[in-house]
């Protein structure tokens, strides 16, 4: 069995539609429900629900919490890590991890979505699927994985108009 | 073939998620795409895209346009009418129709959704399906049809907390 | 609350794909799972899993069991009845019910599907949705309800080539 | 843009339900429709519909056609190759490719599904998603990629009872 740590921090991928307000918000985590739609017979996935925030609202303290959580997982039970994260500041968090995690033995994969899981046209399940595979096969390092692309975190930026990540 | 007129006015049922703004909005009509998911071998459905508004933003002039559109359909090609509409003021529009359409020969069915078509847990396709059947079998009159319920328009109100219509 | 009895007898609507055999078969009932996708706040639905057969394999004894089950429901707790049934002999069962149930106080609605629930392009959830609404609003009698059509059972036949019911 | 060749040969992943026969069969190709559900902004995918067979019915001549098609793609426009294939003889075809393609410069990824694309619980879209990512990141070689697992083709066998591939 391949152990994979998942750290959920919120972002669009986990947003839900509120019938009372008519808005999409980070209220409940829904990623576990979508993992159950995947067949993962040889993966032991443990999900840590660390935060549930739009990444534009994440503070430096929040990013430090992500770093601390990754450090803890790598120390206690060394294995690849997938982090679900809002796309707007995903690269900022990834660069913090890259600067502070020397000598990585496993890949750290950041992913998210442009449209929430379960909304028509969502890219969320595609990105989760890709990230879980990437976590198994990539070399150690910090990456953004979405839309059939794998970017080292220091080579990528979000293009808001195109609603995707591009090389920088 | 059973002719059924559909008049689309917007509301939650037609809202789409914008990847650029992160909000749900009435931008494009999507109801035709969902009609194509239904099997309607004996129904001739003609959709009129009259408005695309959140019903809280509908003015009295908008409601008069709905009334005029219904009148025109009933005059030119008498047949049942289904109106998709935001739920917040659906009853207001329905009461206007009821007051102004004497001697109806066909049912007028108002419907909508609490969660947009195509979002997980949406009630939109259920309500469309029910309304198209109700349009065939109900007696002449003005109704709200949603969630397996049929309400004469003067007997119904929206309960926002419950996110559904209830008898009044 | 509107009580609605559902009697499940199998048929295509409940077929599942077997990964071991590569065939579709009547193995487990799945209609309860699909009812949970509908919003039915004012309906008290009780499902009786009577049979799980392809309707081409139903015997006269099976049809008598359906009749007995309907009689029992109508006697114990009078309310509309929806019967899910294979389409090939749905009309036969319906005619048996019509001949044997004099003085009906409620509608008996037979429905099914051309493609199993949950398979792409399935008409199953549409037909369930329509039948639950029809059960509330139709006059007493025995009907086939599918594809936005309501047929008195003595006026309908299946057209296999068209994969739907037509007037006879 | 990353060029990826896809060669479709049929198998469960492409099976469709026939309303006339009530069976699942390899009739039309449907994988293109499912590719359109994925976001692939940086991938240039060309699909070759070579065969549409249950892999239990594939002959040695069919396997030679697959080999010839892969050779042609690699010669004309060198790039990774994804082959969709029935699972029962996927390993046989993969071993033929491995024996006959010396000095590979790109990965060849075989994938398929236990339940057809678009049927509830299908693993098809997951496997396509994984295979397209694997095609970008794996070292040259011949692999089976399914269910979040990557197997070199000479290390894998199908377990029919478990409905998945396992190490051998």
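Labels A, B, C and D are assigned to the chains in the order they are written; within every chain, residues are numbered from 1.
We adopt the following convention: a residue touches a chain if its C-beta (ideal position, glycine included) is under 8 Å from a C-beta of that chain, and two chains touch if they have at least 3 such contacts.
This is a predicted model, so every value here is computed, not measured.
Peer 1: Among the other chains, which touch chain A and chain B together?
Peer 2: none
Peer 1: Look at all chain centres (mean of CA atoms) and spot the one farthest from the centre of chain B.
Peer 2: It is D.
Peer 1: Please work out the Cα centroid separation of chain A and chain D, and write it as a whole number of Å.
Peer 2: That pair's centroid distance is 28 Å.
Peer 1: Can you check how far apart chain A and chain C are, centre to centre, with Cα atoms defining each centre and the answer in Å?
Peer 2: So the centre of chain A lies 45 Å away from the centre of chain C.
Peer 1: Specify, in ascending order, the residues of chain A that touch 2 or more different other chains.
Peer 2: 114
Peer 1: Considering only the defined contacts, which chain D positions touch chain A in the complex?
Peer 2: Against chain A, chain D makes touches at 2, 38-43, 114, 123, 126, 129-130, 132-134, 136-138, 145-150, 162, 164.
Peer 1: Which bits of chain D are touching chain C when the two form their complex?
Peer 2: Checking each residue of chain D against chain C gives 12, 15, 17, 19-20, 22-24, 54, 114-121, 160-161, 163.
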